[in-house]
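Dropping the structure in here first, questions after.
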Amino acid sequence: MALTAGSVDLTTDLGFLKLRNPVLTASGTFGYGLEFGPYLDLARLGGIVVKGLYYRPRGGNPPPRLVETPSGLINAIGLQGVGVEAFAAKVLPELRRAGTAVVVNVCGADDDEYAAVVEFLDRQEGIAAYELNISCPNVKKEGACPALAPRPTYDLVKRVKAASRRPIITKLSPNVTSIVEIAQAAAEAGTDAVALVNTFLAMAVDLETRRPKLGNVYGGLSGPAIKPIALRMVHQVASRLDVPVIGMGGIMTGVDALEFLVAGAAAVEVGTASFVDPDAAARVVDEIEAWCAARGVAAVRDLVGTLRTP
Amino acid sequence: MAIERDARLREAQSWGDFHRFVIDAPAVGREARPGQFVMVRVSDGTAPLLRRPLGIHDADGNGFELFFKVAGRGTEILSQKKVGDRLDVLGPLGRGFTIPAPAEGTAVWLVGGGRGIAPLFFLARRLAEAKARPVVFYGGRTSADIPIRGRFERAGIELICSTDDGSFGFAGLVTALVSRELDKSRPAIVYACGPDPMMKALAAITARHGVPAEFSLESVMGCGIGACWGCVHRIRGAGGDDWVKICEEGPVFPGERILWP
Amino acid sequence: MALTAGSVDLTTDLGFLKLRNPVLTASGTFGYGLEFGPYLDLARLGGIVVKGLYYRPRGGNPPPRLVETPSGLINAIGLQGVGVEAFAAKVLPELRRAGTAVVVNVCGADDDEYAAVVEFLDRQEGIAAYELNISCPNVKKEGACPALAPRPTYDLVKRVKAASRRPIITKLSPNVTSIVEIAQAAAEAGTDAVALVNTFLAMAVDLETRRPKLGNVYGGLSGPAIKPIALRMVHQVASRLDVPVIGMGGIMTGVDALEFLVAGAAAVEVGTASFVDPDAAARVVDEIEAWCAARGVAAVRDLVGTLRTP
Amino acid sequence: MAIERDARLREAQSWGDFHRFVIDAPAVGREARPGQFVMVRVSDGTAPLLRRPLGIHDADGNGFELFFKVAGRGTEILSQKKVGDRLDVLGPLGRGFTIPAPAEGTAVWLVGGGRGIAPLFFLARRLAEAKARPVVFYGGRTSADIPIRGRFERAGIELICSTDDGSFGFAGLVTALVSRELDKSRPAIVYACGPDPMMKALAAITARHGVPAEFSLESVMGCGIGACWGCVHRIRGAGGDDWVKICEEGPVFPGERILWP
């Protein structure tokens, strides 16, 4: 029954996008990709989702920007970044030679800016898809973002989809009562896939100074701590809606990734794990391959959505 | 830049909360330059989750040394490692201190506060090898906070100590000591590592005396490799005053570029 | 500046209820209280919130009911319990002699049952308040419960408040987009306090069998993993509304508890920690006292809501 | 029922994934009865979070013993403890096996599968002390799964082994072995601990032969003290068929009360 590792078919077809394997890196946790060149073979990855890009360069939030919590990390980076022009000039040329799918995480202060980023990037080559970051909790007050309600989600996705020549993946927020309702709004607006989850709005208190530990007061919680909630949300969306789901939240190992696939995700993103081990995403690919080989699973896509519930 | 997952703790020494580790890790040791750091994984599990940044205290072809103070759970777990235990380290990371060229005969001062002495031993050794004339100022609250005095002495490096409570050496802040010495003589450069208030005061003092200075900054670090943008400090840059990633462009910066909070 | 531990004033006044100190035990994590007699002095606690009570005895969910996750625990007990009659006959008489405030966590399949439980218990002596559990994720499908929307929250609180001769604490769910909105609905309906948070709807997958690890598929995540999100929610509610807040979620130590107080909670509940150490709640009291004494804080209530935000 | 936070690992022995610990913990040791268990804290941190339930393998006035198999991260961490390390244990918990009264001369059989042998050594010793005639059936997949054979032999307790692959003793399932022996003779009671399928089969076999039997059940446990209602098993009770907390009313139940899934 066991196969040799090399003979497992890892290819992943999202419909609008074919990937070498189902493992991408999560936006904001893999820089612009090139930082990781010394630690892993980028071509081993299914794809790279680069750090969130606004149209212009952006300064981000005052430090401290990170605080570790039990099995988790709260960040309040505030989407500091180089802007689309520097990205297109300095990063993209090298990144597109990395031999993996490049997905750009698109940000905006308003719907116009999202559209402007997409229109600018549409003129560049070597981008496989856009991931619409409508769910960053670190930009507006108390985590406000379009992904908290169906209407703004619908409007923004519709607008960007119309502006774009490339597929759109809409990245959802877990800070909602019904993730299915928001995913549905994105699907109705024509998104090609949904990605979930972004981080959970959270805080930490420094008892001695009685101040928030983050410069921005609130931040977004990621890491293994959130995995059980993220997995539930992926399962809800994938078992209710027809739109492809990219799952993430606390994936550290191949087993974690496979659990998301079994729960219904067609692909996954590895986030915080890349901070702990810069080669984590490639290791996750290896572990998926080895797990499938040992159990005679010939094609990883056959596992997607196979969770048996009573 | 390597991940050495099979580094080994060869020797461990401790003084209360302070610990010195000698670690077999050739790939890190060979490349290391003074002022660089490593990211150490302290547990195999998820809590603590992130690696911890620690300065390179010394290095050679076999590996490197750490000198650290227990500050919380991560460094506490690290301090409990036993000789022979496996360590998982990522490094060397960041850019180090600038060694003057030519260094020969040049007077250079190194100012370390508490655990901030860590990278300065490696720096002092390299400066001495380059035939500069390093003088180390080593300050702590009390004599227990400056445990590795003997290390410098054995390496033949000139050392002047201070303690806030006067229990050893100069009585007062190390910055007051350096300030007094600067009134008498003038090094080519001052290197410093220590608590923020110490470095901020020292930056003012060296600027007033017109002496170039380099400071090794600290910050909570997510990745250590420039990917998370978590470790930023305000640094005067080419393009205005920016939040700069200290893991990548630092942790060492010239005094005139640092905007202190 | 330091005080002796004994001289710190730990008393807590919620307005409708005075407590020896701000530390209660969280419902469902401290049984009916008496189980813990061998491990701590119940009179050392601010209060005990007993396991959720329906009117009738209840069987609960099929096992497995628990699964551990990184720094967390998912439970799907399903509120198995003895019902009000057995509680009044067998538990309450002994519990009221324990020398601590007894709060009963009230459950119901519908508004009528909540009211019936309260009416029955109103005839018993030795109960300090009711905690309305409108937020258990383990009873209805996919975590449905009144606390997910303002209207059912308002209606239920109104109904029970009118039926009850005792103060009502409304226990809120974190599985919502706006915790402030739900807390406000409860406040408008006349709740005497809000308690937050209940558990986060979550799941775990057994990869080898491709089945959910819990018999009930989804369950509620508790423990240190959720603390950063719970703390943010407590801070939001306490800094926006006037209603007293009882905070909980992952409190393991006195420092954790104090962080909740500083963020605005007037009292706290210790939950999952009591599974790890049956004497955890009493230790939290000791640690609060020692912390205050070491820093010369004469009265713990002076810390409540003192977080300084920029 | 005590929390011994300062229990000490006095002796450790291991056979591959199996480990035996001798622990100094007088408060637990003094009270322990066969079939009871302890909840062991494996880490000071939050991951793993919960204590792990482990049967009492032996006990006396100084402390008690564990015999466990590495099953996941918690038992793995535990297995790495070194002699002299501190352990934090809660116990003894639950109700034990019933020792027949009078036991003298009574034939009793103990059936252990894999790590399920753990509580049966303590039980066998106590039964032998009570002058009963215990016979232990000890089964595993292969000879490496039945490492503590010698322990029973040294204690003078009659032992019959089986392995599924025939590498030691009877070739086949331990249930088949017991079934064969039951055709020849009949003990007063059968005690069993092992994987669910083994116990379920044995329950059917003993019922068919009309021999009383007691089974030690397992479940994921949150608290071990009856507070979380997490560890339930279907048990025929006074008031109908109920989900019963095995930490409190068990983990040992008479065969006729257990409803197997």
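Should a chain be cited, it is by its letter among A, B, C and D, assigned in written order, with residues numbered from 1 in that chain.
Assume a contact is a pair of C-beta atoms (placed from the backbone, for glycine too) under 8 Å apart; a residue touches a chain by one contact, two chains touch by 3 or more.
The model shown is predicted, which means the values in this text are computed figures rather than measured ones.
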{"item": "Shared interface partners, meaning chains that touch chain B and chain C", "value": "A, D"}
{"item": "Centroid spacing, where centroids are CA-atom means, of chain B and chain D in whole angstrom", "value": "54"}
{"item": "Approximate Å spacing (C-alpha centroids) for the pair chain A, chain C", "value": "34"}
{"item": "Inter-chain centre distance, chain C versus chain D - centres from mean C-alpha coordinates, in Å", "value": "36"}
{"item": "Junction residues of chain C, two or more chains touched", "value": "70-72, 223-225"}
{"item": "Where chain B touches two or more other chains, by residue", "value": "45-48"}
{"item": "Category of the chain touch graph - line, ring, star, complete, other", "value": "complete"}
{"item": "Chain C-touching residues of chain D, taken from the complex the two chains share", "value": "1, 3, 41, 46-51, 90, 219-223, 225-233, 242-243"}
{"item": "Touch list for chain D against partner chain A, complex", "value": "45-47"}
{"item": "Residues on chain C engaged by chain B in the complex (per definition of touch)", "value": "70-71, 224"}
{"item": "Contact footprint of chain B on chain A as seen in their complex", "value": "28-31, 35-36, 38-39, 51, 59-60, 63-68, 70-73, 75, 77, 80-81, 223-225, 252, 272, 274-279"}
{"item": "Complex contacts: residues of chain A adjacent to chain C", "value": "69-72, 74, 142, 148-149, 175-177, 200-205, 207, 209-212, 215, 217-218, 221, 223-229, 231-232, 235-236, 250, 255, 258-259, 262-263, 291, 303, 306-310"}
